[in-house]
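Quick heads-up: structures coming right below.
The two complexes that follow have chain A in common; it is paired with chain B in the first and with chain C in the second.
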Partner chain A sequence: MKHGRLHPLVMIALVVAATLFGRILPTWTLSLATVAASNALIALGIVILARTGNVSFGQGLFFAAGGYGVALIANAWGVTDAVAQMVIGAVCGGLLGLVIGPLIARYSGIFFGMLTLALSMVLYGALVKSSALGGSDGFNVGRPSLFGMVFVDPREADFMLYAVSVVTTGLAGIAATILFRSELGLASLAVRENNLRIEYLGISANRVITINFIIAAVFAGASGAFALMAQRHIDPQFAYWTTSGEFVFVAVLAGYQSVAAVFVASLALELVRSFSNLYLPNTWQLVLGVFLLGVILFLPRGIGSLWIREKRKRSKPAAATPAAVRKGVAL
Partner chain B sequence: MKPILSARRLEKRFGAVVAADALSIDIAAGQKVSLIGANGAGKTTFVNMVTGYLKPDSGSIALDGMNIGRRSPRHVAELGISRSFQIPQLFIDLTAAENLAVAVSGTHPRALSFHSPAEAHGRRDKALELLERFGLADLADRPISELAGGVRKLVDIAMALVRRPRLLLLDEPTSGVSAEEKFATMDRVIHAVAPDAATIVFVEHDMEIVSRYADRVVAFYQGRILADGDPRDVLNDPEVRRYVTGGAQ
Partner chain C sequence: MDRFSRINRSAVFLSVVTATALALVTPASAEDTFKLGIVTFLSGPAADSFGVPARNGGQFVIDQLNKGAVPSPYEKVGFGGMKIEPVIIDENGGATKQVQELRNLYQRDNVDAVLGYIGSGDCLAVAPIAEELKKMLVLMDCGTPRIFEEAKYNYVFRTAAHATMDNVGLIRYMKAKNVKMDTLSAINQDYAWGQDSRADFVAAAGQLYPNVKLQTDLLPKFGAGQYGTEISALVGAGSDVVYSSLWGGDLQAFILQAAPRGLPKRSQLVFSAADHVLPPLGDKMPDGTIIGARGAYGLMSQKSPLNDWFFKGYEAVNGVYPVQAAYRIAQSIFGLKAAVEKAMAKNGGKKPSTDELVAAMTGLEWQSPGGLIQMRLADGHQAIQPIAISRTKYNPDLKRVDLVDIQYFPAECVNPPPGVKSLDWIKGGMQGAKCN
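Here is the complex of A and B:
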């Protein structure tokens, strides 16, 4: 461990513990945790992309691509295995990202965000008009299985989906942690801060953005597969802008500095939504808005800044006199 | 001697402003060339054209005989030309060592690794070695946002050195540095650059720095070269004294 960083094996142990924890969770929290894990997965992709300074307001595009891809293949060829469906969703999202990424990486800031939003709404419009895909009503899919096992008991079925989504999101989180510390991860932050200087250093900012974009699309596609498995129904709402907005909501809550923050933010959002919906059914959106405002006001760099800031403070050396000062160089 | 950099009849206009007017210049390997001139004379425009940030309206720029006038900054950097900036262009939230590590990553022809730690495989060692050359090793783990302007300038130059460039362009390396410390700063830069034996072109307004460190001076005026040669001759040229230095030496 360095500066409080967790070893990947410790992270794997945490994922296993979180999965087993599902055995003692009340049934109603299993589906909530499954949705939270699924949303965390797509929000994690947005955070990975945001580290290059670009926010996608249209991740619903890949979310829907993953969901529809899985639904069509499941109904056509009877693929019901949850892991296979997750992989199919990831591949569908990734392939679409591979096509769009290199084109969109040339844009930045608000143009980048609006283009992603526009593309997701184009897909939404096409899905609504497509009678072959059920139009605005969408269509249903069967119950998922796992390695040939069919879960008839609802509690067992919920736990299976919880376990697959937590393990997938957890492994994605470990991969993201490794990515954040890697050459590409550091270059992503550099692109975010100064994409001209990085070109002068011989690194293609467009390539860095494209790779992060494709990773985000893969995560979004897998997340779409989980949403489909949880609802056993798909409709164009998957690609609608409010769906994308919810994922950005989680990413903003989390900030871009910590993977763990994405899981905390996603769970916090689901809890706030569930309880405010239960106790304040007519004003739950207001509660969510106030919650987000509170985080932006007091933690402008997201929930992750709570412990990242502390880590920085701990690792800062005591007031040392730099050699440059001692040798008379201007500071 | 065959020039390492050869610019021929470069033209660049920004509306009515002429930033380069049939500009031709050869720079031989190993020279320390200072570009002087009033603000707007075309010095930084020349640096921007050589490094690919600006494309000349016409004319050619050749590095070792290869035309680079239409190349991007990334390709120019890959060919061996690096630069520092008048206002340091750094990654503010990253530490000094991380800034250098990004620069080291840029030197590999392969794709960036998504699993190898950013400062592994000698990247941190290389970063620390460069910071040490500038006397900044003990600031390696401080974020750039916490460093003073003079230190940022040195980190900016250190990043330009990572590629061991054949031609190094420094845009006002001592601007923002106090009068008492400018020679110490410039000594440190020259000392740090020496192991890589790069040809240096530096834009400078301070004539004391120019006369002490340059072995050739090129005076710019309204996008043209007013005088070019030995520092003493150029700085004593009546036209240079009138239009560029205002009598200062």
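Here is the complex of A and C:
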């Protein structure tokens, strides 16, 4: 999207800076930022998928698959390494995406969205009934380690998780910007504009959607692993539709123009939620709703439009983007 | 568009600045106050039944403690002379949010202890976090016995008995009152509370009624609201007893739909946690229903100066008498108060550190409006308490459902002894129960 705006090396420097910034943050913001980074990762997957014109309302499916996969493997074989857990989560999500992706890629628009939602609720229903997995109460896992190091000090443990999640999300963001500029990324945009024409060009639209879907599933699985590591507890709520809806909200808040916006939007949402909960415990949902409405009304192209201005009028696909984005996301 | 975006930008900057400013205001930890985080449902399905009564009960007790207006043995102001400063958080929003908010309470708001939690899933999720942060956490309600049966905690306490007591109490009551139960049907919500309650009740029934036959066993989903089909099945089965652990709106809907179809006349209804629906249901509650309240609470509470003060005071402030959740938070707060004052007596009157507080709370016993609470299980971290079971009878003069035929069971009669898992204890014949 951002044609030649930032060199990948600059982006890597930004990620490193964000990670080191964690050293001076107060402790409570570390775990909040970890959750925000994990939510940003899954929302990034939704943004990637939405570039094909399809919005998944059921990312909770892969989020839960990643979370439960990691939790079960951690409890069975004692895998506590944070990076290993992240990889396991991503693989679990990816494998499930590999199975579901080709089937679901044949649908589009509202049917696509509803099918993803339905599948995630099937998993939710199955999890609630499985008393071996703790049913609706879920179960706990131990705290993660990193490369054999066990962190006893709460602040160090929080910083470790923060660092791993920020680096992962950052690298995923860099990968996403590279993807957006690649042939596949540009073909994705074209699928949204006119998938028939894409087929005539000799590109399989189904294939493009499937690949994007699997990427989104991998991100969601890794995100589920981070959510699990941050809270050490998993329950079927991971697969519930409101959880998936929240990720779509983060994507809507962020808009399309910037990968960094996804992280900012996710962090802003967590901050607003936390402070409204503290100061207005009876009406925090209202505050959250007003915040979302405000962003949608005043920044229809998302938080990203704050720093990415409309300077790209010359490039045609980009100019066509905003209207289509709204169509795609406001399903 | 440009003008708009400028306004937007300044608006966003303003909010970012405000958020940062709020973030940087770290409240000074004062020596003369005790900052207490309170977590309870203020929205969602459990708010009306449990969350808001708990909030009101907590607010009432804290106000009275801060005024020094509570009868003996709690006449001291606040916690050992320190004013209590509550920070109330909504429990709604799932376990992920609870874990985050618990961290915020400890690390950002610097509370001295956190007290609350009604949902079992929330309790399971927050307990290991408090343990890791080495901060005091007092769980006031939540049903599941798994918290201390699957893990060991030093900084976590639960000041109420778990759900095993509710079902063992019901069966003991039915046996004592010679309720016939050759056949049994059950209707419970399809989530952990419903599934666990059902398992406990059926297991306990198997002990005291060895010939009982389980007929219709229904698990509608949580929040179903419509029970037409289920009631048809229950009426069709015509069992001697219909057991349910439904609560709140689900229980009200079930009773309202079951009564006109004659289910209460055909079968003896037995509800494990139904006292909180009595005020809203009024004369719609069928007479003779056997109910529990998860303790000796509300209209089943035993007379004592402390209980009279609580019952009347709460009723005067809130316009309705206190039910289980209000009692549970009250016993939690009194327990914490007793622990703080015990620790202060030991350290010479200073504000106790978390470790001193934990040491004082472990194995503690204290009086509450609902009777004596004893931290007996899980190495002194899990409470046991007495329970009352009774039958309903509508009182047209007072326009409220009265509870008659009340029977009390001592804590050690209905709770497992230390070191035994509750379901194993029931299935093993409830060894070591002291019922007199």
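In the analysis below, the second predicted complex is superposed on the first by the 302 of 331 C-alpha atoms of A that agree within 3 Å, B and C clash if a C-alpha of one lies under 4 Å from a C-alpha of the other, contacts with A are read in each partner's own complex, and residues count from 1 in each chain.
Following the convention adopted for this analysis, a contact is a pair of C-beta atoms (placed from the backbone, for glycine too) under 8 Å apart; a residue touches a chain by one contact, two chains touch by 3 or more.
Because the structure is a prediction, the values reported are computed rather than measured.
By the touch criterion stated above, A:203 is placed in contact with chain B alone, chain C being left untouched.
Contacts of A:14 after superposition on the shared chain: neither chain B nor chain C is touched.
After overlaying the two complexes on the shared chain, residue contacts for A:137 are found with chain C alone; chain B is out of touch. Within the superposed three-chain model, A:185 lies in touch with chain B and out of touch with chain C [touch as defined at top]. In the overlay built on the shared chain, the residue A:121 is in contact with neither chain B nor chain C. The residues of chain A shared by its contacts with chain B and with chain C come to none at all.
Residues 26-29, 31-32, 35, 128-129, 131, 134-140, 143, 154, 157, 227, 230-233, 235, 237, 240, 243, 270-275, 277-278, 281-282, 284-285, 294, 298-299, 303, 305-306 of chain A are the ones touching chain C in the complex. Those residues of chain C lying in contact with chain A across their complex are 4-5, 7-9, 11-12, 19, 22-23, 26, 42-43, 87-90, 94-97, 99-101, 103-104, 106-109, 120-121, 124-125, 127-129, 132-134, 144, 146, 150-151, 190-193, 195, 222.
Contact residues on chain B toward chain A in their complex (touch as defined above): 51, 53, 72-74, 77-78, 82-83, 89-94, 98-99, 101-103, 105-107, 111-118, 123, 134-139, 141-143, 147-151, 154, 159-160, 162-163, 176-178, 181-182, 184-185, 188. Taken together, the chain A residues at the contact with chain B in this complex read 178-179, 181-187, 189-190, 193-194, 196-204, 207-208, 211, 312, 315-317, 320-324, 327-331.
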